[in-house]
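Shared between the two complexes below is subunit A, which pairs with subunit B and subunit C, respectively.
So, the complex of A and B:
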């Protein structure tokens, strides 16, 4: 899938400004702070929103042909719910019919229920499920009918660590044989799941690449400073503090800086999060 | 997508929607409310003055349907948004559309449930209370038009509101909308109407999807107000609501309206507006129109023509009439006239509500003018001898003669066809005393009538084939509505279907009239009359709507406009005041003092009863009328008592002479000031 010069405005606000992402395949992450445009982009790809300009292409298929696109996508929105009064199976059987699942509907729903590990809740009402289970139900309905492209908008936010872990594994499994477009503001999730990542910032694409490529961007820009004062980063110019740990009587502070911020700062290997932060704060660091 | 798949999708969606519905509290709350309403309604049926009134006054049920429908719609359509699954449906091909369509179908299913449960309960109640069979199907139609369709319209409007509005402000808005659409509207609009804002209130009423007048009673002649036009207007509104809601499904979250939806909605608005303007205005605002009519007759005295008094201008020898009904009547009349005097115009009486489109003699256009109900044809061609006067005209009869395109009465006592000039078509001093001027030609004429409409009509003439009649008479009566025809003792009675017992009662009444009417004619008018009519028309509800009580005897038929009691019983001994008024009334009668007329009517009736001529048991006694007059005009009441005692002292022959003198005075027009002296003069 390729996204070319995609634009979306909300009045005067440019939510997406000429977004270009090429060769989206496997599990592709969209990372960015709140308001970066991730959800807008996901909703456009999911055909919920209209684009103002630009193209989205998947093979020969253009996103201008909404009807065909809808036959090849599965979508889990950021805020997902289902009728509280229906059971998990009722919801999925209904969705299977709507998605024109040609195979035996009962076995198809059983398959996805098993995949998301909701077998013991198949006859339970949606209203009785936990938040994580509802997200898993969301994934189950999204993958019904084996869509070529799965769009998952911040599925792990708000989940407890165990559910998050379970979700990561699930998405990794699902992404093995289809394109999964996955947005998150939790960098660990992206690092754990995604083959490639696009960093969005204020409606612009900062970079698209593998996790290593993003990390590579910040190589030589991450510094570790040992100081008795935890606020040391704030006192130095043109640096962005990325981490701060207590060490003995003092602190170890990690920071992003174009140059060595102080004489006792030593260069260290960047993490994906620091690579991401470097991309979105590059201008501040240069200033 | 294949049709089979579409069908399966919609079926699955409807199943899901029904499942969600019966698992929701709101459904059960509404179901309980519905059964409570139905129970209360059923309780009201036997206590209603007439069975149908329970329906015509069921505006409260309709209002509940509208309010319930709109709230149910909002709840059903906002479910996806509240449960955060709306976006999912937008990303599955056609899923949102199917969801929307299923919601519409479920509203219709609920409507059908209301229709079936309501009808079964009502039928059961009718059966237990021995209600006449004619009520059953129309009552079901009433439930459909006044309960179910308003529920469906408001339900779909609610569906639209539920998806279009995302704040809680939608609920007060919906409540206000339900009131605006409901039958309370006319009540709210009444001050506007009374204040002369009739036109405004008529427009306001076009949005009312319930009863136009929730306090009106059922009409025995016309039944429920179930006009085809009302069905069309409401189905148009329903279609508009469906299109608006489906448009929302098609455009999804985009706030725009598709061109096709816009075109369809515009067409629907134009169509319903046109029909509404022609139907609702005309039908539901009789009050307003009636008031204008009464004012018209009070403000426009009869024109004075020197020609009118000249009986030697022309004579009508026959009529060939083509009648077409609809939102108004279109009438073509070929009148065979024998013109004696070419120097004077021919003057006819034709109700001024009819507008002349064509006027020619033997195909040659001729000049004409109208002055009120007078139609003046100028004989510029100086025609004499036998000619055919061709007229086409269009319009609606007044008062309660027209209720809908399939509910109307054109009586022979009303100038709906041009008759030799007899004065105004109506005498309308007040709303309560609006009376026909009984203008039917006094002499017999050959009538031919062809009806082009689609209704089952009843005509006083002899039926030649389905829609063609001929006969010699002094006037034609034709009607369409809740009537039926039945023969009894060789007499054909056209009666309100709600009161089949009227057939026997009307025949008995005619037997009583047979003994009294010839005597009254002979004594007072010096004429002989044949009352052995072959057809009787029973029009009770026309009477109820201010057309005045009367027994109108035409050559070949009789029109009974007399009071019925609460049970629809036609009083068989009703040959009283109404009969006297309709027989003895002449031009001066209407100009005479109201009390003076009453003294004559009740004193002569008292005399007829005492002589065994009349069996009248209807109305007040002479004594009670005198008491009533005495409260206002003591001197007149005292003079009346003296006159009464005087005539009592006379023998029969002298009594007749006394009443003839009295009648002659009355027909000259005795004013209020002259009344006491006039009575004294009769005593001599």
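So, the complex of A and C:
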């Protein structure tokens, strides 16, 4: 899938400003802070929101042909929780009808129920499920009919650590044989699941690449400073503090800076989070 | 077609207890009418029947919108309604198709109720036809109005509240235009003749088609309401 010069405005606000992402395949992460444009981009790809300008293409298929696109996508929005009075199986049967799944609905729903590990809750009402289970139900409805592209908007936010881990494994399994576009602001999730990541910031693409490429970007820009004062980062100019740990009587402060911020600062290997922070705070560091 | 019917059944199941409201209301009015007719002395029986007919004609037609409004609730209010709009299912079937199906279902209940009234000799077979037709056309009007309201107001609760208000005004009075133009009632004394209300019924039929058409046009372009506000 390729996204070319995609634009979306809400009044005067440019939610997406000439977004270009090439060769989206495997598990592709969209990372960015709240308001970066992730959900808007997801909704446009899921055909629930119109673009103002630009193109999305998957093979020969253009997103101008909404009806055809809807046959090859599965979508899990940020908020999912409908038909609380129906059972898990009934919701999936309902969705299978709406998605015009050609195969036998019963066997198709059984297949996705077992894939997301909800067999023992198949006859339970949606209203009685935990948040994590509802999210798994959301994934189940999204993969009904084997869509070529799965769009998942911040699926792990608000989940407890165990559910989050289970969800990451599930997404990785699902992504083995289809394109999964997955948005998050939790960098660990992106690092764990995604083959490639696009960093969005204020409606712009800052970079698209593998996690290693994003990390590499911040190489030589991450510094560790041993100091008695935990606020040392705030006193130095043009640096962004990324971590602060207590060490003996003092503190170890990790910070992003274009140059060595002080004489006792030593250069260290960046993490993906620091690579991401470097991309979105680059201008502040240069200033 | 089988799948469409299955979807309608799931729609009703999703309403839970609320899905039984139209059936319960019709059943109560029918049983009450029959019971009062059978237990009242002859001279009072006609009065009781007229009372039941009066309430039936004012209360039942707006109830036709109940299932329609409730079935659109997930599309306009529930979390995750975005998912429904990302599916490829025909909007026409989801809109007009569903409205018509629920109207037919409602008419089946009405006809069963009227048949029970005939069986217990509360009304005659000719009156059954007239009474059913009057209720049918009024039900179409309220059903289509309910469809348009739920799409316009983007809220199932507001649409239901509007319908309840209409029922209230239909029975206890309110805006005269409602009872004058949108409410048709006939009495046994007048022989349950549709001749006197024919024009009114025709205008209700035309208005029903118009509401359905506008409702569908809006639904074709409808987007989940949270998409209208700023999103990240």
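Just so it is clear, the second predicted complex is superposed on the first by the 287 of 287 C-alpha atoms of A that agree within 3 Å, B and C clash if a C-alpha of one lies under 4 Å from a C-alpha of the other, contacts with A are read in each partner's own complex, and residues count from 1 in each chain.
The rule is short, and it goes like this: a residue touches a chain if its C-beta (ideal position, glycine included) is under 8 Å from a C-beta of that chain, and two chains touch if they have at least 3 such contacts.
The structure presented is a predicted model; accordingly, all values stated were derived computationally and were not measured.
**Q** Overlaying on subunit A: subunit B and subunit C, fit or clash?
**A** Clash - subunit B and subunit C, as placed by superposing on subunit A, overlap.
**Q** Considering only the touch criterion stated at the top, classify A:15 as touching first (subunit B), second (subunit C), both, or neither.
**A** A:15 sits against subunit C, while subunit B stays out of touch.
**Q** A:38 contacts which: subunit B (first), subunit C (second), both, neither?
**A** A:38: touches subunit C, not subunit B.
**Q** Looking at the overlay, what does A:81 touch: subunit B (first), subunit C (second), both, or neither?
**A** both
**Q** Have a look and say if subunit B or subunit C is in touch with more residues of subunit A.
**A** C
**Q** Quick check for you: in the superposed arrangement, does A:95 touch first (subunit B), second (subunit C), both or neither?
**A** both
**Q** Could you point to the stretch of subunit B, among 57-65, 273-281 or 309-317, that collides with subunit C in the superposition?
**A** That would be 57-65, the one stretch with clashes.
**Q** Taking the two structures together, which residues of subunit A meet both subunit B and subunit C?
**A** On subunit A, the overlap between the subunit B and subunit C contacts is residues 43, 46-49, 67, 70-71, 73, 75, 77, 79-83, 85-86, 90, 94-95, 97-100, 141.
**Q** Which bits of subunit A are touching subunit B when the two form their complex?
**A** Counting only subunit A, the residues touching subunit B are 43, 46-50, 67, 70-71, 73, 75, 77, 79-86, 90, 94-95, 97-100, 141, 151.
**Q** For the complex, give me every residue of subunit A touching subunit C.
**A** Its residues touching subunit C are 10, 13, 15, 34-40, 43, 46-49, 67, 70-71, 73, 75-77, 79-83, 85-86, 90, 93-95, 97-100, 105, 138, 141-142.
**Q** For subunit C, which residues count as touching subunit A in their complex?
**A** Residue list for subunit C touching subunit A: 3-4, 6-7, 10, 13-16, 74, 78-89, 223-224, 227, 230-232.
**Q** How about subunit B: which of its residues touch subunit A in the complex?
**A** Contacts found on subunit B: 5, 8-9, 12-13, 16, 19-20, 23-24, 79, 83-85, 87-95, 98, 252-254.
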